[in-house]
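Input: structures, listed below.
You will see subunit A twice below: alongside subunit B first, and alongside subunit C after that.
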Partner chain A sequence: MNLENIKSEIEANVPGCQLEFVLNPSPSAQHSLRLDHAHAVAVATYLRDAADLRFDFCSNVTGIDWPAKELTEKVKVKKLVDGEEKEVEEVRKTTIPGTLEVVYHLFSVEKKHGPITLRMSTKDRETEVHMPSLTPVWRSAEFQEREIFDLFGVVFDGHPDLRRLLMWPDFIDHPMRRDYVAPDDFEYEPTAHDAVLQRANQHQSEAIAKLASEAEGK
Partner chain B sequence: MVDEELKNEMSKQGIVTTTLQELYNWGRRSSLWPLNFGLACCAIEMIATTMARYDMARFGAEVFRPSPRQADLMIVAGTVTKKMAPQVVRLYNQMPEPKYVIAMGACAISGGPFKQGYNVLKGIDRYFPVDIYIPGCPPRPEALLDAFMSLQKMIDAQQLTGPNRPRHLNADAKSEFIVPKFGEHDLEPAQNSTVWKAPLVQISGTETDKSAK
Partner chain C sequence: MSDATNLTAQIDINTIPALGKEQLLELAMGPQHPSTHGVFRMNVVLDGERVMKLKPVFGYLHRNHEKIAESETYLGSMPYTDRLDYICSITNNWAYAIAVEKLAGIEVPERAEYLRVITGELTRLQNHACLLGFLMQDMGASGTPLMYAFREREKIMDLFEGLTGARMMCNYLRFGGCRVDTPAGWMDAARKVVAEFPRFLDEYENLLVGNEILMDRTQEVGILSKELAINAGISGPMARASGVDYDIRKVDHYSIYDRFNFRIPLGERGDVYDRYMIRFLEMRESIKILEQAMRDIPDGPIVDPKTKIRGFRPKPGEAYGRIESPKGELGFYLVSDGALNPYRYRVRPPSLINLTVLEDLCIGQNVADVVVILGSIDIVLGEVDR
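What follows is the complex of A and B.
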């Protein structure tokens, strides 16, 4: 089971698909394939049905939130200073746009091999959050895609029943996004520490100040 | 009131004396029917308590009622998610007086291991009054039995008349509480301020330690 072989096999059989081999440099070496939206369902169907692959079991689907990141790097540039050409160091800033990523883990029960990992990314985190659903290929992805829709806000096109799973329908946030702000209900935190402790103490001192002002008013 | 010693003496002679209050409280404490529902892992321990080894029938409490209309006691056994909280409050409102609540386990008391979770209520006592709290994750069946005995003691001590009479004998006391609504970010209201007031505990120490560094 070599992912690069699988990749070239898919490319030979699903015309036009663009697969990206994502290297995992850690000792686990769990490399993965990034699918393009247009051919995702075709590639998934091929992985499930090809006689030598038969990835018939999608065991896990999960989401990752990648917020926009700013990279600073120092670059040496040649510039004309006082008529002379000099090497000057310049700081360049590049922003990597944020995306939402979804990861699928596949096994083959029939062939007893796996897992292989598939990835898909949305264009950004705000408006272009669509991606094709793989539930029509693997039924077991249904609830997990609903969960990702609920907690990350990825919209799966082609999902048969895309509703929130854990939160109520009127809820508008996506709690697993990194910029999610939880409701400020830290009034009583008996064993708090760090950030929670700060917020709890702020609540407490507000309450004490309120009590004191009430006592003065009387 | 009959003197306690005299009462004992008379019962030795075969004369039983009692008061209406004693009889009434004895009747109620000996047939506490819990509402049949569980919310998470604590419920498993509650089920174990009703089985032969722990035998909750000894307390007259083995009749778990599937309808809130027939139940006297709500055992909140497990994690109360924000999505579930309105239903729990509604069930409590539907129970007829007299009614009692046991908050079983860290989750029902405060949110427990999931306290800072995005969908976990930080204690059911934010929405209605709780009579007995049992700490633990999960509490052992013995702890639940202990809660039963504490509740029975509490009921035994209740007076039928006077300013300290229980809620069900006081026509002015309300027995229904606000059912929270699903808001866009949180339950609305996030707590019932007539029932729950945040205790004042200033936790210092770690924070000052850090600023000292």
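What follows is the complex of A and C.
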């Protein structure tokens, strides 16, 4: 079960698909394939139905949030300073755009092999968060994709019943994102202490001041 | 395959022929319903007593386990994994330990592997015994069967207390081994419990297996086909009751399971009765494994001395590790960015994924059967909602 062989086999059988081999440097050596959105369902169906692969068991589906990252590197540049050419250190900033990634772990019940890992990424984290759903191929993705929609905010096109799974329907925001901030509901903490108590007191005094100013206004 | 992916979840109640919508009853079973094994709700649409539609509602016990674990150190999450499926804390530890060991390439000494197998199989015994008791309770055999099962569970929990200090929240495994070695006399006590366990199984089988009410309530109820079971990711005893020959102990050869002689029982019909009986057979196989492991256990260290526990930082990368927990395939997926805490920590909960087919099993059954079908799936809400 070599992932390179599987990759070339898929490329030969699903015309036009673009696969990217993603290396995993850890000792687990579970490398993965990144799928393009247009051919994801075709590739998944091929993996499920091809007689020598038969990845009929989609075990685990999960999301990963990668916020935009700023890389700073110091570069030496030659510049004219006071009419003289000198080497000056300059800090260059490059931003890696943020993305939401979804990972699928596949096994084969019939052939008893696996796992292979598939990944897909969205274009960004704010508006272009769509991705094709693989639930029509593997029913086991049904609840797990709903969970990713709920906690990460990835919208799966073609999912039969895309609703929030764990949070309640009126909930806004996606708690598993790295930049999620919990709401400021400290007064509901039953036994507030330390930092929470401090913030709660501040929050409460602000609320009281606001009420008082409102009462004065009337 | 196509019928497996055809989602029965899409039945629109307005299109059911010869039924006015006013004749249907919408009923919320749970979250405070004793037969839902915790805080779990099912929105059921009923025509008389027949279930036309069923939508599970999750999240009443959601505390975002994964987010909390991402702000903890690797070892810091180990006690928290106990709280996922609180009946089988040691197998939860085990799945997490295997994922971290894969991520960092840690070896486990021989004696520790034996201790893991012994405690893991004891956990399977107590989980299956509990399930049989709960299922009988759900069917209306209140009291006696559950108490018989709890009597056995009590003995195993006493063993866990002797070994780990805690009855339920054992927190026993460490990366590259186990936390403590067995105290003096523990192994003899465990041998005694295991030797007496078949007596409980015989007694329980004699008491209930030929019972007419039990057969009426369970046979041909909630049938799960083999194709749907595989496609919907059903794992563990529930899949094997439908005839899916897949046990991770045999497939992955993880730990030292290839040294033991045991068989994988399979069901034929995939109904509630098969799911009930498969647990009996699995317990008998677990006893075989336990007897062999307790006979062969060697002396030696219980944790790899080279393993770093404090300030443990695996190299960047990712790993998916899984074991055959009593409920099914319990997996942990970890992504490391080289820091003290995991960048991404994911639990693959067998209880939640086994619930994917709940609606398919219940449609067309009586509302009283919903309780029995749910009981036979074997869920723990601490794991479903995380």
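In the analysis below, the second predicted complex is superposed on the first by the 170 of 218 C-alpha atoms of A that agree within 3 Å, B and C clash if a C-alpha of one lies under 4 Å from a C-alpha of the other, contacts with A are read in each partner's own complex, and residues count from 1 in each chain.
Methods note: a contact is a pair of C-beta atoms (placed from the backbone, for glycine too) under 8 Å apart; a residue touches a chain by one contact, two chains touch by 3 or more.
It should be emphasised that the depicted structure is a prediction, and the values quoted were computed from it without experimental measurement.
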Contacts of A:N60 with subunit B and subunit C, given as first, second, both or neither: second
Residue contacts with subunit A in the superposition, subunit B compared against subunit C: C
First (subunit B), second (subunit C), both or neither touched by A:L118: neither
Partner chain in contact with A:P175 - subunit B first, subunit C second, else both or neither: both
Which superposed partner A:M167 touches (first subunit B, second subunit C, both, neither): both
Which superposed partner A:R139 touches (first subunit B, second subunit C, both, neither): second
Partner chain(s) touched by A:V103 [first = subunit B, second = subunit C, both, neither]: second
Partner chain in contact with A:L19 - subunit B first, subunit C second, else both or neither: neither
First (subunit B), second (subunit C), both or neither touched by A:A44: neither
On subunit A, positions contacted by subunit B and by subunit C: 166-168, 175
Subunit A - residues contacting subunit C, complex: 24-28, 30, 48-49, 56-60, 62, 64, 103, 105, 109, 112, 115, 117, 136-144, 151, 160-161, 164-168, 175-176
Sites on subunit A touched by subunit B in the complex: 166-173, 175, 180, 182-183, 185, 187-190, 192-194, 196-198, 200-201, 203-205, 207-208, 211
In the complex, subunit C residues that touch subunit A: 1, 4-5, 7, 9-10, 58-59, 62, 64, 66-67, 102-105, 228, 230-235, 244-246, 251, 314-322, 329, 331, 333, 335-336, 343-344, 346, 348, 352-353, 355-357, 385-386
Touching residues on subunit B, where the partner in the complex is subunit A: 82-83, 110, 115-116, 118-119, 122, 182-186, 190-191, 198-204, 206-207
